[in-house]
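Below you'll find a set of structures to go through.
Below, chain A partners chain B and then partners chain C, in two separate complexes.
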Partner chain A sequence: MSARPETEPGLRPRQLFTALVVVLLYLPIVSVVLASLANTRYLIFPHRVWTLDAYAEAIGQYTTAHLHATSFKIALVVALISVALAIPGALAFARYRWRGRRLYQRAILLPVFFPQPVLGLALLVALSAAGIVPDWRTAVFAHLVWVVPIVTLVISIRLYGFDPAQEEAAYDLGATRLQAFREVTLPAIAPGIVSGALFAFLLSWSNLPLSMYTTGADTTLPEWLYSRMATNYSPQVPAIAVLSVAASALAVVAVLFLRALRRAVGRRRTTSSEASTLAHPARATP
Partner chain B sequence: MASLDPRKAGPLAMAPVAALLVVGFLVPLVLVAWLSLMPERTFGLDAGLTLANYATAFEDGYIVPLGWSLFFAAATTAICLLVAWPMAKTLARRGSAFALVVTILVALPIFVSESVRLFGTALFLMPRGGILAGSLNALFGFQVGSILYTKTATLLGLVYVYLPFALFPMILGLSQVPRDQVEAARDLGASRWQVLREVELPNAMPGLLIGGLLVFVLAFGANTEANILGGQSVAVITKSIDQRFSYAQDWPLGSALTILVCAITAAVVFPVLERIDLDRLLRR
Partner chain C sequence: MSDRTGPGFAPARDATAQEQLSVEQPALALRGVTRAFGASRAVDAVDLEIREGEFFTIVGPSGSGKSTLLRMLAGLDRPTAGDILLRGRRVNDVPANARPTAMVFQSLALFDHMSVGDNIAFALKMRGVARTERLERARGLLDVVHLPASYLDKPVTQCSGGERQRVALARALASDPDILFFDEPLSAIDNRLRKLLQVEIKELHRRTGKTFVYITHALEEAMVMSDRVALMRAGKIVQVAPPLEIYDRPTSRFVAEFMGEVNVWCAVREAGGVALPELGLAFPGETLPQAEGLLVARPEKLAMLGEGGGAQAIVAGTIVDEFVLGSRKQIHLRPDGDASRPIVFGEIPATPDAPAPGARVRLGLAFADCRFVTE
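After this line comes the complex of A and B, so read on.
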């Protein structure tokens, strides 16, 4: 029997409810954008004058560039290291069958199922005991503790969908372990790796509770916003918040664009090779 | 044979991650536990061991912020699960364009900093010139009160921030409910309530548990929501801990409170993780 979406009870109200919740989820973000379009010292909505002045001022400021640079530096390093650790981590999670795998699968989840402010404080205690002065590099480490398990899960989900027999086939054809990994496994899990790196970048970029305790004298965007929203409010604060969101949106768009580009190039390559095979059928036979 | 013995490959592949977790998670927590046994207001790790900080934690009334944190965590979990369920049922349907768009829309704010989103919530809720109050006044000419800096606002902020964490595991769980089982139950005359209890809930349970657990633990340890939206109206335990470490400079007492939070977290997390088959949940 075919599916019957029309007759299923409660579908319409459920969709309506879902749409309503999504609208509510975006109200705060819209509010930040609205608040940034003023030139008054305090928020008095609706603004008498709607202006982009706050952006003009924010963009010209050293603070804005410096905050973005610090957050970017941390997020980029976190993304690179976390992918490097999470690829083997995911193989151990989803692919290899070994004693202790069950325990490992659970242990790796613990930093995710753990209050982040508490993790940040614990790391602060550890840094102080080790005599390390916190700066952006210690924040990278703190972010890794939380991000690497998440990236491992993201890549693992991709690995579950990969048939290990493909790798076996490569071995049978004489591939070395490295070759099999590079030519077969890596391309198969590449989308997972890209998503994982993007996740890592964005999670690090937007993190507040870990950075709060582990950046020392350096300041990330979320930290700065957090400190300025309580005291020293001005329309520049929401403006910088909007800029920070736009910057992370840019990262997402860049990755999506690169992915689309690669797919388009790949498609052209296959079609042109198909075409040449058609033109010279003899060449196709090995 | 070219293929490495998987029994050896596993430990080798997980070694870097394991090292990170030992140095970045286990060791700090052991240090905090050790520090919690030091005399009050000391910074060294070599004084005599004492349980005085735990006694102080109970005598000085830290049970109150602990209680509030537990209340917020429980309330946030309950509300998130109730709100997420109908959404998850809509979004778990494969191949629906509506579901795809909405799923992406719900996922995106996770990557917008908590600072920005809670800041926005505060701007929205602000009295008089706030986005909501100002708009209502300008459009309809009436004044509304504000819930900003109350416990209600704190709870609202928690639900707002952690809803996606309940939703996505729930979608994962619900997508494993076999459709033909639901159809069969309906054809055999099961009511909606029976379908829910006998078919959907048992199948979706791992996703529900993971989602509920995530929300509970994260909300239990959250402090930014209470700081930004709750103002002075409520002290949660992580705020108390933060104050012990910063203003009060009493790290041992702060550590003792941290260990209490860890103990409660562990008591909730371990039994649930024990029950869940991760291979089955993550395999699509």
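After this line comes the complex of A and C, so read on.
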């Protein structure tokens, strides 16, 4: 094997670079946290007074809960619908060869390359032409236009790594087409589906340009943050922003936790089946 | 070992019953089976009979249509013309999941998200066998393919190349199929392991008594394992015979050259015998079925003669190259005389004092060791 020791002493350029990237990525969030601990009506640093007043106020307010609820509702529905659409979409994208596939592969990615404010405006015009009054549901639709292509791509990447002979093998071993999909293809792409759903949730949760045009009377978190930043600023704005970061972090942690839980349950199931076959040796010999 | 009847397969059928069955009807019969893709025919009017309990290998270069043929036999593809008869029953329209056959895929196609046990037991799960019972069957099959029972819960992604091969074998055996198909399963593993698995597959064939249909582009694999070999070229079967026969008595130049290094000479029938004009050789008193054609001779048929030794015909020349094959070595000989004469392949013992490149040797050849073939 390599003659190099596994851990190198001292800080190497690689470690320094990594540290630099991490700092640059997270510094802005830290600054928001710092801003939320002030009691001034404008952004200034360093503070003269350090206080949690803004949090106390924000948590006590109906607006905070309502904003989170609206954004959560939209993000959840977007995540569910986008996965439902993206699974067949990804199969068409990456698994099956059919006439027109190349055109489809390009067409489906087009919304991602559209500037979001333009897309939002276009959707608003289309909605009013159709006589639909915008509210959170039209925002769901707008988010889907932008998010479904991305989720399709995420699941497609997983499908490209999937050996289609596995489906044939399942079929050859007596599975129906549906069983082959359920038992083999779906579990194989499940990690892609989970990542796709998480992506969809977070992209919707933090979306501003599409929401601004399409939520109508409903207000999402990013919309509220933006408008209060522009006018009527108070430390409540960064405080609610920090809470919303915590909420999205919670979503990621929840997914990781569920994944770990599933793995643990899977392990227990196989070991318990082991135990049951050992417990009934009579059954073992047919 | 031969009398073992572990779970997962029926004991070998008794020989006389098997003989009768094979006389009555073949395990698989192909009648004019064709698979066309647009204008090209990947498989072109193949007629074939595969006997019950036979180890039958289809060998051919890449793109010869052997994989397409196998996929049709397994029910993963449908012929565009012709019939496939499984024990006398036409199965053209029977899909793969309803055929009593199982396939070991080239990529193995193991289910990566499952444990070894769940992979092996998959076919049983599809048949509604309870989990406890099917894992018990899987445990038995692990033993059949020489894997420890502790592998039952091991994720299949953590298995080595050889272990994955064995899991794929066990998985195909789980449904107790009448016929097993192998689509070049050993093409991607190292030589030593391949040899070991060849022996194991052959042993498995003997123990189960099932019909094995194996495809490969590796000649040596076909020679080592098969009862009969079919050679395929451009969608057609060009010769079917036991391995030694197909090696010794090829019917065409393609077969002769595919089966290993071989000398190919033009031969002409003359009044006094057969002449090889390219080498200036003659076999007096011999004859050919046609006025002219090709004669092929394996290198090992051209043996070294002592000075003045006798043979029907003698090729003398200078060694230009040598390839050691263990105790013997193949030599490339430039014949004396005209420079346009073809290089002759011969075989001599690889002793330390054997002639090396640059040395002059005389190789003897008997007409009986040559085969007349078509182009």
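Just so we're on the same page, the second predicted complex is superposed on the first by the 245 of 286 C-alpha atoms of A that agree within 3 Å, B and C clash if a C-alpha of one lies under 4 Å from a C-alpha of the other, contacts with A are read in each partner's own complex, and residues count from 1 in each chain.
In the analysis below, contacts are C-beta pairs under 8 Å (C-beta built on N, C-alpha and C of every residue); 3 or more make two chains touch, one makes a residue touch a chain.
Remember, it's a predicted structure, so these values are computed and weren't measured experimentally.
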*Using the touch definition from the top, say if A:Pro46 reaches chain B (first), chain C (second), both or neither.*
first
*Considering only the touch criterion stated at the top, classify A:Tyr171 as touching first (chain B), second (chain C), both, or neither.*
both
*Which partner does A:Asp163 reach: the first (chain B), the second (chain C), both, or neither?*
second
*Now for A:Val184: first (chain B), second (chain C), both, or neither, which partner does it touch?*
second
*For A:Val32, is the partner it touches chain B (first), chain C (second), both, or none of the two (neither)?*
first
*Is the number of chain A residues in contact higher for chain B or for chain C?*
B
*Regarding the shared-chain residue A:Ser206, is it in contact with chain B (first), chain C (second), both, or neither?*
first
*Residues of chain A at both interfaces, chain B in one complex, chain C in the other*: 168, 171, 175-176
*Using the touch definition up top, name the residues of chain B that touch chain A in the complex.*
1-4, 6-18, 20-21, 24-25, 27-29, 31-32, 35, 43, 45, 83, 86-87, 89-91, 93, 98, 102, 105-106, 109, 111-124, 126, 128-131, 133-135, 138, 160, 163, 179, 183, 192, 213-214, 217-218, 220-224, 228, 238, 241-242, 245, 251, 254-255, 258, 261-262, 265, 269, 273-274, 278-279, 282-284
*Of all residues in chain A, which touch chain B in the complex?*
1, 3, 5, 9-11, 14-15, 17-19, 21-22, 24-32, 34-35, 42-46, 84-86, 88-89, 91-101, 104-119, 121-126, 128-129, 141-142, 144-145, 148-149, 152-153, 156-157, 160-161, 167-168, 171, 175-177, 180, 202-203, 205-209, 221-223, 225-226, 229-230, 237-238, 241, 244-245, 248, 252
*Quick one: which bits of chain C touch chain A in the complex? Just the residue numbers, please.*
7, 74-76, 95-97, 101-103, 105-107, 109-115, 117, 122-123, 125-127, 131-133, 135-137, 139, 152-153, 171-172, 174-175
*Can you name the residues of chain A that touch chain C in the complex?*
163, 165-166, 168-176, 179, 183-184, 187-188, 190, 270-271, 273-274, 276-277, 280, 283-284, 286
